[in-house]
Structure formats: structure tokens, C-alpha cells
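Look at the two complexes coming up: subunit A is in both, with subunit B in one and subunit C in the other.
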Partner chain A sequence: MALESKQLNNILELKDVNVSFTVESSSLHILRDVSLQVPRGSFLCIVGESGCGKSVTAQAIVQLLPDNGRVDSGLISYYENDQATELNKLEKFGREMRSFRGAKIGMIFQDTLSSLNPAHRVGRQVAESLLQHHNLSKDEAKERVIELFRKLGIPDPERRYNAYPHEFSGGMRQRVMIAIATICEPDLVIADEPTTALDVTIQAQIMTLLKNLQKSAKRTFILITHNMALVSEVADHVAVMYLGRVVEYGSVDQVLRTPRHPYTQALLQSVPSLDADKSVELKTVDGQTPSPAEVTKGCEFAERCLFATDTCRDQIIPLMTFQGNHQVRCIRLDEKGNLPKQNKAGSNV
Partner chain B sequence: MSKEIVFTEPLYQAKGIKKYFPVTGGVLRRKIGEVKALDGVDLDIYRGETISIIGESGCGKTTLGRMLAVLQKPTGGELSFDFGDGLKNVVGLNRTEELAFRRRVQMIFQDPYTSFNPRQRVGAAIDEVLQVHGMKDPEERFSRIKESCEMVNMRVEYLQRYPHEFSGGQRQRLAIARCLAIRPELIIADEIVSALDVSIQAQIINLLRQIQRETGLSFVFITHDVAVARYVGHRIAVMYLGSVVEILPAGALPENAEHPYTIALLSAVPDMNLQGKKKEIVLQGEVPSPIDAPSGCAFSTRCPYVMDICKTTRPVLRLAYEADSSHQVACHLEKPPIGA
Partner chain C sequence: MIAFIIRRVAIMIPMALAISAIIFFASRLSPIDPLNSLISPDAAADATNLAILKERLGFNDPIFVQYFNWLIEIFRGNFGYSIQSGQPISEILALRMPATLELVLAALIISTTLSLLIGLVAGANRGGLTDKFSRVLAAIGISVPDFFIGLALLNIFAYRVSLLPTGQRISPGQVTFIDRLPHLILPVATLSIAMLAVLIRYTRNSVLDTINRDFVKTARSKGLPEWKVMWSHVFRNSLGPVMVLIAFRLPLLVGGAVLVEAVFQWPGIGKTIVEAVTVSDYPVIMVVSLLIAVAILFASFLVDIVKSILDPRVRLGATIE
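Moving on, here comes the complex of A and B:
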């Protein structure tokens, strides 16, 4: 059992969460023993490539997995006033779970056009969750929505309240999504790739907005993204995922400045920086991410890893903890957290 | 800073390229306005260089690529290509001339899944291109295909497969192989790494750079990712709302950008190494619609340094303040806005 005092500092904890999806009558192991601690008031980023399970993690937390997915084992605990609630033990669409979704946990999704109802005015869609969770009159709700629109930088909020989603640009629609997610002033906001479909200048505006929302209200944010550079600008803590497993977790400095896991290292070196030396080739990872059905034992990254040994492919890889709670799932690290100097011969197949 | 190679032999020249798309409305679908997707673009592409075109969505970079490939005809302006005996107009060519042009200029698209026929084996798809261009001998065609597959590190056995059997990165390699098979002189690559995961993206970027070094091909590399554009290209053309606002050597980024929009774009790009070290111009608002683009400078509605002249007179490309003949800016400001 973890320390009591430590739990008080966390708003959310995931412990050995396993999720599987049934696809064509076979079961795919999508999340593999995912454990995460989310300190209250922090900004946690979950990064990884497509198919690594980062979005599924978010869906599992709020119990919005697709119909063919289910949490097989593990605990998802939400802490509030010294009280823990096991979210995954609640009924999916029961009263209690609904009091979390929207009210205590806000969600922002990538695809704004399919998340907003095209037939309803946006103001009403934002006010809906207010009316659901609070005892307010329609006029009071409208007032609160317009006030929030103004705070989020939506110009002419009184008029925009009555507009339809298609009348908004992508960046403005994402602001509306943020309004829906934060109107009930939730303590925790989960944002799944909120800026991936947006241009960089708009992305910068939205990220500044999110960061301010986090700081001003001491809110906790979980941002799911594939963009390492974006992580470096906003995160306090980072979890790196690969094929359903958290392979590295730590503070933003630990993970991005001193990455330990071979996958994190490769991921960081494969994106050119704005001041990259053009005479140096980008580091690549050979091959491609395997399907979850192909890897059933050992390290998920072993097939593409330059440091992998036979042991890596056979045994369960334990989580190693280094100075300052820097957690890495790799058995090739020495006690100081360094990888062996010599690359495995003939690795470049 | 790595040293810049200067290319001097022009291969392709675009002068004052305009592309207007009509906007129709009402029951009779009458023309009620125009979208100025491209509004007077000048661009020289030199033999052996990679020029990256960057800009945000709707800035016209894809339209420019399609113009350069003559997939659509420009509304105005001139496109001239060097077939080996000097620059020659390429708009409105006859069938044989057009084929000769297409053999030299090839295009790769963002989504390779939609650019391959799902019911045709990829080998046949590549073979077809060679047949169209008049290679009659099957053995010669096969050796060409084999050679181009080797260049993109694909096994020849894979040619028997169908497009759906490949991953996104592999399909993009095959699209590149199909281009290379007829040995073009210029490849226009439109957002070809945008849909790929970063580890795969790095493989394709390295591959492109390697092909470029080995064959001396010219590339037009269209992307929205500034860091990738800088890494891949020798020169960068920055576009905003249908015009090129700055052309500069890749090595001049990020420090020596002079156009306020380029600086704003750079400061919006998250970057691990340059955190807190970049010049900052934070843009408010969004790109105006190209239907009612501002008169004068297209950027004048959002530019923090806007002057009266910007609202009335359109700036043309001129030499940058940091006098380097390959660095041009379209801006009325006499000095770069933030100390260069």
C-alpha cells in the first residue's frame, strides 16, 4: 500500500489498469498494467505514438471506452477530501459516475466537429452541463456561459452564444469545447490531443489558455499528445507510453532532459529541433510498432530496441525507480540508470 | 551554423502566379466572389536544391504545389521550366510536350493510400507509370523498378502485394519509389510526412535527404512543420494568405527571420532547445478569409508593427536587411522588427 500522505497529494491514481478490446471475437490486450500518479494541481502529459493506448487511458478513467472495450483489472482512484472513489467500480452510466463526468472531471477532445452537435446552438450545449449538475435557471446559466466565453477569448460572446458549431473556426470551436469542459469548474481536466488539428499559431493560443486555466484555479490537467516539443512547454510530469505500457514516468526535466528508456531516447531524437544540426542524420527506430496481438510477453519494445537481449523478450519487465521518483521500465539500465555503452552488434536489420 | 550551398542554375520559375477560385451563391449559382488562393507568387527553383514551402492551413501552399505540377491552370502568371535548352512556358502544352514535362516533374501526396489503386498490385502501379512514358521493354522497366525500390529500401518481393498490406510509412516509400522510377528532375512533395508517427517520419526524412544527395534531384517540400522544413530544405519560402512573405536560406532560421509573420510563426512553434530563447511575437486572432483578403499587405490585419502604408500598398519581395542575396522579404518595415 502506498503512503497515506502521498495519496493526499494525488487527485488521481491508476494502479495496474488492464484494458482489453474484443475485435472479431478475439481479445486484444490494449492497456498493460498502467500505473500513474497525478499530483493535485499539476500538468501531466501522456505522450506516445498512435496506438500506444494514450487515448484509451483517458477513456478508461472517465469510463467512456467503446462498447467492445473493458477494464479487466486494476484500480482507478479519484481522491477528494481525504476520500477515495474507485471510478472503475462505479456503474458506467449510473448517477455517481455521471456526477464525476463533466462536473469533477472535464474532458476536451480533438475532433470538435464531431463532439459538438451541429443542430444545436453552441451556447445551449455549454449551458447543458451547467443545468445538469447545478441548480440554476436558464438565464443564470446563460450569463455564466457568456462570462466564460469572454474569459476564453471568444469575441462578441453574446452573439456567439446563439451561433451554430459550423459558424466557428477550428480554433474557436476548440475554445467552445474548453468552455464545455470547464464550465462546471472541475478539479481535473483531461484533454485528448486538443490542438492536433490546429495551426501552430492557434495551438499556441489554446495552450496558453489551458496553462492559465490550470494555474489560476489550481486545476489538474492531463494532456494527451504525440508532440514532445509541446510537452516540454507545458508539462510538470510526463508519462511515455508504448504499446499499452507506461515505459517511463517522471518530471518534465527527468524525462525530456535525461531520458532513460531507449524508446523515449529514440522518440526525442527523431524529431528535428528548430536549431538542429542539418549535417547530422535524424535517429530513427527500425521497423514499426507491432500489433498488440503480436507481443504477449516480455518488453513490448524489444523487437525494435538496440539494447534488447533474450531476457528482455522473455520476462516481465519490472519498473525501476531512480533518483527523484523517475520511473523506467527497462532491465538494461544499470543502478545509475544508464544504458550499456556498446550497442548490440548487427542491430540495424 | 552549417555552411550553405548556393544553387544558381534555375530549373523552374514561377512569376506572378495567381489562382482565383470562384465563389457561387443563390439559386442560379452565379459567381458572387472569388477566393484568392494565390495572389501573385514569384518563386525560383534551382537545380539540385530542396525548397521548403511553409505556412498555416489555407495559406495556399498546396495550391502552389498543384500549380507547379500543372495539375490545375493558374488564373494568371507564368510558369517556365528548363527542359535542357532554357526556360520554357509549361502552361497549355500539347500532349507530347506535356508528357515530357510530367516525366521531369512528379508529385507525391500526403495520403499514399488514396494515391494507389487499392485493386492493383503496387508493382503494376509503378510499371504503369513507366509504360505511359513509353518504356516498351519489360525487362528494362523491371530493372528500373528494382533500382527505385532499392533506393527507398523496399524489398522487390513486396511489389506483388496490394496497397492495404503496407503500413503508412511503407506506402509513402512506395509512392516515392513510383516517382523515382521515371527519373524526374523535380519532385513536389505535399505534406508527405504529416500523417506519419514521428519515428516513421524520421525514416522518410532521412530517405529524402539521402536521395537528394545521391541523385541531385530538386525537391519542393511542402509542410506545415517549420522544424522539418528547415531540416529538409536548403531554402524556405514562407507563405501567408496566398503570397510568399519571405524567402530565406534554411540556416537563417530561426535567428535571422525578418518578416513579422515568420517570427510569429517561429515563436508559436514549441521547441525543446529554444525555450525562452526565441524572439516573441504573439499573434492575436486568426487568419482572415481569403474571400475578403485585406488590401495592401495580407498580414496587415494581425501585424503588431502595422503602418499606414501597409493597409494600402502591397509590399513586394525585396532584399532582406541582413544583405544576403538569397534572403528576401515582402515587408514595408525598413528594419527587422526585433533586433537582428
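Moving on, here comes the complex of A and C:
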């Protein structure tokens, strides 16, 4: 299949991906028509509140959804040289899919204590990935792992190779996790909330480490987070998710400086800053996030949105593209991408 | 690791002593005087005879002195004598122990191997054929008491179809192990089924538990084939709780399986206990109870060692101080 030049720039594309989970014999529609483009060599952040489908998106890409979840429709394409592979068409635990996991797509998980096997030495857990994808002897693998440990700032790597996960601090464990994800030098690394469980100072160290790993090897990173401060520091591109949909996607400047979607705007206004006037109450988004079982076909943010109209609730909302591939899922924007001036416009339409 | 073992053994000694004291003093609380069965009813009627006997056997010493004498004798290898038969208890044990070892060891090996195998496969393929089979087997094994299973097996295989002997360890005139083998089949089967049920459930649930742990997802994210994920990540981590259950069955090796031995007239320690209790043969009861208690202590010691090998976090207790 010949690829368009635009596709060549992307390493990964999601097109209208739908994921549902079976819970107590009823089906929950968790991801709705999620489309994303991940430019090669970029740092993409997926942000959104808990339960919006960020992690599910990551798991769907590598086909590691929990047993009760499945991709119902859509395309997840991985581009390499001029070859496209549709990942979700591959057998879940088949040889071909496994040749992507670890080797081409590395995964970093949030809770490092539970994500590392407590019964195995950390060195072995990292070498395991290397031995799976490369024809190396155990000694060669060990050498490579120790070298990477040193590069990632794990002190005394020769000795630490034989330590168990519980003998490490949270930050050091996350470095081990990063080693597991990057030991085979994958082109794409997906990090699912890698710093959430860490102290703020350690968070900064780990983020710097990730950013350097991305820059030095021209690797592509997808970072899943709900920490807006992190996003502004590391991201090139940002995708904002709300209740299983991507509501806004664009470069970091587009999304953070000129947010278009009412949800993104509300989200950014609710981030506290040091120089804010403390007498003014921090803005919150009114209302509750609806349960994924309750969503109708219209805009899922409509109930909490200051600009919502009846059409918002009844119509399928298309993703609108503005200047510079800034994509927003909102019909209340004019052709320049601005929201109407008046609030609560529901009555005058 | 060595410090861990030493500490663990050091805890065992006072516990064993405490248990021995409880066993000794509890036996003295019994209203039945075992001395009555020791002498003929005529002699018992004469109070002076009884008093002489009591004095000679040390029953008039302060109770603590009696306890320490008993303990010291046990440490010297003298377990005392059976009131019923007058035989040295060590002789009784030497006679009955092999039968119990034979029965329990065979059942332990068979049930452990089978249930680990079935449990692991059932857990790895939840809802599959093995899983369903294991559920039925476990339900039967857990809900039906072992003596009933024994009786049912006896009824079918010994009475209706005269395939196997009805009990005892050996028939008259038989000498070799091959001769004894048919005798072993039904009791071992009964004991195995009872042990199997719980262990299969336990193994299966432990595997299911481990499969959903985050580190299994990490293992899969490395691109490992499923068999490798199962073998080196799921199974090894599921074995911890299972090992505990297995180890706590080891005391059966000394204590015997009381009900199964009774049903099959198996001349093991379990049957010895039943016999001793029916005639209030206190010295035998006390020694066997003590043996079982020490075996349980030893098993729990073994559990800690095995667990610390399987899960290095257990060893932490030894280093933090």
C-alpha cells in the first residue's frame, strides 16, 4: 500500500476506534470514535480526567486490554518505512503482535511496585525483553542492561542488577520500568501516568529523563497524564479526552494557549497557579462526569457546557479542523474557531 | 537468610515447650483415672493398693515435678509406656508409623501433583473444560466428608465388585510390597480426593488472582509468548499460598489420617489415637499429641522458608531490626 506523504510523517494513527467492555453481561462503550495522529519523533500527551479512556487507548494500541474489553471497530495503524500494519487486525497473543510489543512499542506503567514482578530480580526482568527480541547470550544481555541502568541514572548498576523490586525506591523502580520499555530501542514508547505515584522532585527527574530519551533517539513518546503542568513542559502535541472521545487535538501551543473546546477551556481554568489571586475561588467545572452507560449520541459535555444548545445534545458532533490541523469536536465554534459570546445560549436557538 | 532461619527456630522452642505443658496439664484435668484400668477391679477396690501404685509411679509428686520428669524422659528418648498394653510407646510408634507414612505420603504426592496440574490449567483457561471439571471435583471433595467417600469406595470396589480388599494393610500370608499394593489403593484414593478438592480450588483461584496482577501486563508488554508469561510470571507467583496449604498437610505424616485409617482398619498412627482415646491411654495420647504439635510447628517453619524463597519480600523481616 502506497502511503500518502502525510501518513509517512506519522508513526501511529488511530481512526474511529471504538472499544467496549463487558461488565456484568452488559456492554459499556468506553472509547468512541477515537482518532489520533502521532507524528514520528514527537511527544504526544493525552490528557483528561480519570475514566476518560486515556489508559484504555494505550492498552488498545498494544492489544493489552483487560479480558472483558475489546476493540469493536476502527483502525490502529503503525507505520514503519513505507509499510503500514493494522495492529488491531493481528492476533492478540500471536507472533506478529508480540514482535511489536517491547521491540517496536515500549510500555511504561504507573504503579511500579505492582507492575514489576516481586519474585524476580530486576535485571532479569529487563533482560527478559532483550532476550525475547534479540539473539543474545545471557551475559551479553546482562551487559546491555547494566549499561542502560547506568545511562538511566541507577547507581551501582552491577549490584542493583540482582536486587528485587521492593529493594528500590519508587523513582528507581520507575527507572527500571523505563529500562524495560526502552531496552530494545523501540520507535514508540507509551507511558501511562509514569509519574503519578512519585514525589514531585522525583517526578521532574523522571520527566526530564523521558524527554531526553525521546530527543536523543528521535523516538516517539505518548504520555498519558492528567497533570497539565507536565504537558506544557514536555509535549509537542496534545490530545484532550473526555468520556471516551478526543474533544480537542493540536500542537501544544494550539491547545494550551488557544483552547477551543469548552471542556479544554474549563480544564485549563481549573489549574491553580502560584501568582493567582487567592481570594478568587478556583474555577471548577459544574456538574458530574456522566457514566459511560448514560451517554447519548450528542456531545457528552453538553450537560455541563455553558454554550450547549439542543442540537448539541441530539446531533452527532463531527471533529472540526481549524488552521494548522487543530481539531476540535464542537459545533458551537464559528469558522474562525471562536465560541459565541453569550452564555447559556440554549433558549435563543 | 541464615539469620532469618535462626530467628525462626528460636521462636519454635518456647512454643513447643508451651504446647507440651498444655498437653500435660490438660491430661491431668480429666476426671477419668487411668490407674483404674491398670490394676484389676479387685485390687482397685483396695485403696492401699492404689495408693502404693500412685506412689511408685510418681503421682504423689507435685504436678510441676511430674511435668518436668515427663519432659526430661521425653528428651532422653523415653516416651513412657502404654497403660493399655504395657508396651513402650516408642515401640508402638515404630510399629505404626510406617503404615501411616506409606498412606499419607502416597496420598500427598498424588493429590499435590494432580491438583497443581489441574489447578494451573484450570486457572490459565478460565471457563474451559478443565476448569469445569475441576469445579465439579472440588465441590464433591469439599462437601462430602472423607469417611463417606471411603465407605462409598469400599461399597463399590470391595463389596459389589470384589476387586480390592476391604481394609487392613496386608492379608494373611502376604509379604511383599506388591502384595500390599491393592490394600493401599482405596485408602490412598479416599485421602487423595479429600486433599485434592481444596488444593485444586486454591491453586486455580491463586492463578486467577495472579493473572490479573499488573506485572503480568508488563510481562506481556515485553512481547513474551503466553506460555512464558504463564510459566515464569503467573505460576511462580501463584505458588506461594498453595505451598502454605501443602506444608500444613505434612503433620498428617506423623499424626495419620484418623478417619480414613479408622474406615479402612489401617494400622497407622491415626488408628492408634482412636484406640488410645477409647481406653483413656493417656501416655500414648500425650506423646502422639506432642508429636503432631511439633510436626505442625516444623511445617510452619518450612512454610516460612519456602515462602521466603518464592517471595523475597518475606525475608525482609530478618533484616529490619
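Here is the rule we go by: the second predicted complex is superposed on the first by the 341 of 349 C-alpha atoms of A that agree within 3 Å, B and C clash if a C-alpha of one lies under 4 Å from a C-alpha of the other, contacts with A are read in each partner's own complex, and residues count from 1 in each chain.
In the analysis below, contacts are C-beta pairs under 8 Å (C-beta built on N, C-alpha and C of every residue); 3 or more make two chains touch, one makes a residue touch a chain.
Since we're looking at a predicted model, the values are computed, not measured.
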| query | So which one touches more of the residues on subunit A, subunit B or subunit C? | reply | B
| query | Which partner does A:K138 reach: the first (subunit B), the second (subunit C), both, or neither? | reply | neither
| message | Looking at A:L64, would you say it contacts subunit B, subunit C, both, or neither? Reply first, second, both or neither. | response | second
| said: According to the stated criteria, A:R98 is in contact with first (subunit B), second (subunit C), both, or neither; which is it? | reply: second
| Touching partner for A:L267 - first (subunit B), second (subunit C), both, neither | first
| Does subunit B (first) or subunit C (second) touch A:Y164, or do both, or does neither? | second
| request: Have a look at where A:E128 lands relative to subunit B and subunit C in the superposition and call it first, second, both or neither. | output: second
| Given the touch rule stated above, what does A:I180 touch, subunit B (first), subunit C (second), both, or neither? | second
| said: In the overlaid three-chain picture, which partner chain does A:S114 touch, first (subunit B) or second (subunit C), both, or neither? | reply: second
| For subunit A, what residues appear in both contact lists, the one with subunit B and the one with subunit C? | none
| message | Touching residues of subunit A toward subunit C in the complex: what are they? | response | 62, 64, 66, 93, 95, 98-103, 106-107, 109, 111, 114-120, 125, 128-129, 132-133, 164, 166, 177, 180-181
| query | Can you list the subunit C residues touching subunit A in their complex? | reply | 212-215, 217-226, 228, 232-233, 236-237, 310-313, 316
| message | Show me the residue ranges of subunit A that touch subunit B in the complex, using the header's touch definition. | response | 49-50, 169, 171-172, 199-205, 207, 226-230, 232-233, 256, 266-268, 270-279, 281-285, 288-289
| field | Complex contact set, residues of subunit B against subunit A | value | 2, 56-57, 167, 169, 197-203, 205-206, 209, 224, 226-228, 230-231, 250-251, 253-254, 264-275, 282-284, 286-287
